[in-house]
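Labels run A, B and C following the written order; every chain starts at residue 1.
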Amino acid sequence: MTSTIPKVRKSAPASDTPSRVRRGNGVMSSTGLYIATGVAALLFLIPFYILVRNALSTDAEITGETWKFFPTDIQWGNISELFGDETVPFAQSLWNSAVVATLHTVGVLLVCSLAGYGLARIPYKHANKVFYAVLGTLMVPTAVTFVPSFVLVSSLGWVDTYRGLIIPGLFSGFTCFLFRQYFLGFPKELEEAARMDGLGYWGAYWRVVVPNSLNFFAAMATITFIAGWNAFLWPLVIGQDPSSWTVQVALSSYMTNQTVVFHMIFMATAVSILPLVFVFLFLQRWLVQGIAQTGIKG
Amino acid sequence: MSALSNRNFDRRTALRAALGLAAAGGLAACGGNNGRGGGSGSGTNLVQMFHAYGEAGTEQAIKRYAKAYKEANVTTQWITSADFESKLFSALLTDNAPDLFEFHPQIQMVKSGQVADLTDIIDPVKDDFNPADIKSHTVDGKIYGVRMIDDPQFFFYRKSMLEKAKVDVPTTFDELMEAADKLTTGKVKGLYMGNDLHSVNDTLIWSSGAQHLDEKNQIAYHTDGVVEGLKKMRTLFTSGNLLLGAPTESWDPSSFNQGLCAIQFCGMWAMPAIQDALGDDWGVFPFPKVTDSGKASVYNGGWSMFVNAKGKNVDAAKEYVKWLWIDQKEYQEDWATSYGFHIPPRTSIAETATKLKSGNAAEGVRLFNEFGHFDNIGWTQAMRTAFEDVFANSVRKNMDPEKALDRCDTAVNRELKKLFG
Amino acid sequence: MSTTTKLDLASPATAKASSAKPRRGLRGSPTFTFWLFTGPFLIGLAIFVYAPILWSLWLSFFEARFTVTPDKFVGFDNYTYMLTNDDFVGSLGTFTVFAAFIVPTTWALSLGLALLVNRMRFMRAFFRSVFFLPTAVSYVAASLIWKMSIFSGVRFGLMNTVLGWFGVENIAWLIDPNPPWYWLVIVTARLWLQSGFYMILFIAALQNIPEELYEAAAIDGAKSGWQTFWHITLPQLRATSTAVILLLLVAAYQAFDEFFNLLSKTTWGRPPLMELYYKALGESQDYGAGSAGALILTVLICAVTLLQGKIMGFGRGDESK
């Protein structure tokens, strides 16, 4: 009887219970472990501290003769100054980045996961050749293709459009490669059961493979979203009009302006990072689980 | 199929479809947002590209002038300065290139047919322009750009600091080195010439009694004087008296205004900002002579308007350039003196610009006239980069100046051969 | 996890596929289905990746100055020019040394962090987040914090402030190449930005090591600690290490962003891409020579990757078990 497809792989979030804490006890005591990790964590947090300190200081304090660990008066007004700036449409650029990074992520996941599945699972005699053609693109530095890509996209009339910002970046050989590695390890029995039910590859993919791979999709989504949000050079040349700037381009406009205003630069940087911190804090529980299922592991 | 799985299936299909539609809809809806502006003007749309000037009000000014023009609808792209060249050059390769843009006169843009001949609009008022500004934009008798502003660059010094250290205004490079030494205290460095020192590349050549290229467009910078100058620069660089690693470059007066240095190399444009920060406690002097045969020099930089020869509206763009940068003297004076200080290239405007008549501004104008050197149109971006490498190699890194110049010669000769055969 | 998969590049995907026969004519044929799945991706790849690559290849045989539609064929001139250009060849050499340093360092740091975090009982998610967070920061933003605040050469830079407490003079970290402090700046920025991501890969791999291996080792009398690390953990991480090193190598040779922001206008510490940018692709607009140089770099990356694959046994994941 064709019953519901069993979910063998649970998409549960990463458990935070270490299962093997006893291993390696001989090297370091528990206290030592926490001290070492704590010191490392402090070092990793210093740049964030600097960023926030500078963002909420006045220029005079940032550049003063004596170092101030905390601003004497926290300058919350810097936030409204940033969003009130008429020359750089910062709020608009945040919105653009959100739209671009979201559509970029949805597009990449859709296109690359399908391709990765096709390459991993569907019998076709030239599949390996196609795979190597995809893999080869990883080796080519973007500088090789940058100018021709720009001319190409420009001749399509996509300058200053979301299309131009998003579509050329959807075809990531790297993401396709990761999906293929992942699908190679996907339990075959599951799909075969689904195909026995008459679903075909397409149906089996959507009804069995994807629902059982949500961890991995979430992991890929995190990485892709970060990359989309942080992309700089392409949005710089594509976004010619300030109304189509992404947040990275807006940020660079503060950095390279002829008159450097420190607190604005750092406030802009802090605000540009904040959304990613939230995205990551929400998605990170799936990240480890998801990556544990790729081919990239022991 | 069980009902349960059917429902799941349908919901998922619906969700996918919705996502797909939303994505497609979003893309389509935003496709029209191409920054070309609405069709409020009468017919022709022009796009102009500017680098971002640092002074407050500059962007609004450029847009205000554009709005006052009735014959076409002019949109402005205001590009931050570090990204300006890469953006301009990549845009010029495409159909989306701006119709007109500001840049410096460089011959490769003429030779490769990127900029249009503007002789017919400039010729009638040619005599009113600073002759040097005409010469630097002329190739084979044709004039390719309209100078908007001249920007002399020289040293700014803090009077009080020099007095306190009992230092006179330097007249030779050796005196400058000595002054830097005396002015350096615990928290203040004597001298700032930019982190990479490239702002003084050109003045070092002139003050050493040499020039970039000679009349026949052959290398003229590779002289004993320049080698001596580079060696002195190296001594200065390692002396500990230079401000290095400042967060702002030398075109920004922040380091000077914040009291990080006593003397800074900067440009005329910074005068209003410096006046605001330091009151009257500052003066200016030219880059002093490096060798006995040399003479003090000032780099007369600046910006010019060019018309994209491959654009769709060459004639309309030329009309706009003529209207704004030749006919509208009021705007030209506003542009040169209301924000940062610049020298108007038009003699008739320069004579009436009252803000440049007194104090340090007048002194700046004097230095411009007496010691100024203009761009050589044959000295291209690639050659500029090659000479920057000389500075990096022999001043910041300890390479023999002769060897660094030899390397530069190779690169420059390759360019010269391609440009002049 | 219920399954263990391998990084098996070499094993043909077709061989693994089931013997399902085409049952429903064309629509059901595997070939059709294959193209149905991969088609959208491959079409996009052809247009937006392969077409520009071929265009570059074509440009590299032309004198393409200030244009990307040149007509003057120059044969291998551009390649000769780039290969005889001291700076470009030098940057390839420098970056081989750089890669030889940064790749093992990043590998060791990410593995170290992963081992620490993996052993924690409490606050594990917290520390994992702290180490991963820099991944969310763009190169542009990180360069800015490094250049303008931490390693700024003036009195209010963090490093100079700290050194100042011990009476050390201000150091121009990024400006004066003697001594080459700029490597410290570059390396710390890169480690900060990158190690978190690779740490996650290692944590994922550590969780996949079967517990029984450690139990068996304990029965055999192996001491917990370095012994189990050398004999069990490290070998079990081999496939992950191989993949991480591959990614790091490619990233090292393609380095551009933070160098461009931190070391503009130097002649030292230039990665090959930056050398290309200054010599050809940027303001000089010599696209023929630039394309030639970029393709030389591509060939080099392929060669190094293949060599690394040969040494580390890329694709032989099964043997590490």
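The criterion applied here is as follows: contacts are C-beta pairs under 8 Å (C-beta built on N, C-alpha and C of every residue); 3 or more make two chains touch, one makes a residue touch a chain.
A quick map from chain label to UniProt name: A, C = Sugar ABC transporter permease; B = Sugar ABC transporter substrate-binding protein.
Keep in mind that what you see is a predicted model, and the values were worked out from it rather than measured.
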- Query: Hey, which chain ends up farthest from chain A, C-alpha centres compared?
  - Reply: B
- By number of C-beta contact pairs, the top two chains: A-C
- Item | Averaged-CA centre spacing for the pair chain C and chain A, given as whole angstrom | 16
- Item | Gap in Å, rounded to a whole number, between the CA centres of chain C and chain B | 36
- Task: For chain C, write out the residues touching at least two other chains, lowest number first.
- Result: 68, 148, 155
- Message: Multi-chain contacts only, two chains or more: what residues does chain A have there?
- Response: 63, 65, 147, 151, 167, 252, 255, 262
- Two or more other chains in contact with one residue: find those residues in chain B. 86, 93, 187, 247, 260
- Message: Using the touch definition from the top, list the residues of chain A that touch chain C in their complex.
- Response: 8-9, 16, 18-28, 30, 33-34, 36-37, 40-41, 44-48, 50-51, 54, 62-65, 67, 111-112, 114-115, 117-125, 127-128, 130-131, 134-149, 151-153, 167-168, 170-171, 173, 176, 180-182, 184-188, 192, 195, 200-202, 205, 223, 226, 229-230, 232, 248, 251-252, 255, 262, 265-266, 269, 272-273, 276-277, 279-281, 284-285, 287-289, 291-298
- Can you check the complex and tell me which residues of chain A touch chain B? 2-5, 63, 65, 87, 99, 103, 106-107, 147, 150-151, 154-155, 157, 159-163, 166-167, 206-207, 236-237, 240-244, 252-253, 255-260, 262
- Of all residues in chain C, which touch chain A in the complex? 1-9, 12-14, 16-18, 20, 24, 28, 30-31, 33-38, 40-42, 44-45, 47-53, 55-56, 59, 68, 113, 115-121, 124-125, 127-142, 144-146, 148-150, 155-156, 158, 161, 192, 196-197, 200-201, 203-209, 211, 214, 223-226, 228-229, 236-240, 243-244, 250, 253-254, 256-257, 273, 276-277, 281, 287, 290-291, 294-295, 297-298, 301-302, 305, 317, 320
- Task: In the complex, go through chain B and note every residue touching chain A.
- Result: 1-2, 4-5, 8-9, 12-13, 16, 19, 23, 26-27, 30-31, 33-36, 52-55, 59, 75, 77-78, 80-83, 86-87, 90-91, 93-96, 187, 247-248, 251-252, 254, 258, 260, 273
- chain C contact footprint on chain B (complex, rising order): 85-86, 89, 92-93, 108-109, 112, 114, 187, 195-196, 198, 237, 240, 243-247, 255, 260, 381-382, 385, 388-389, 392-393, 396-398, 407, 418
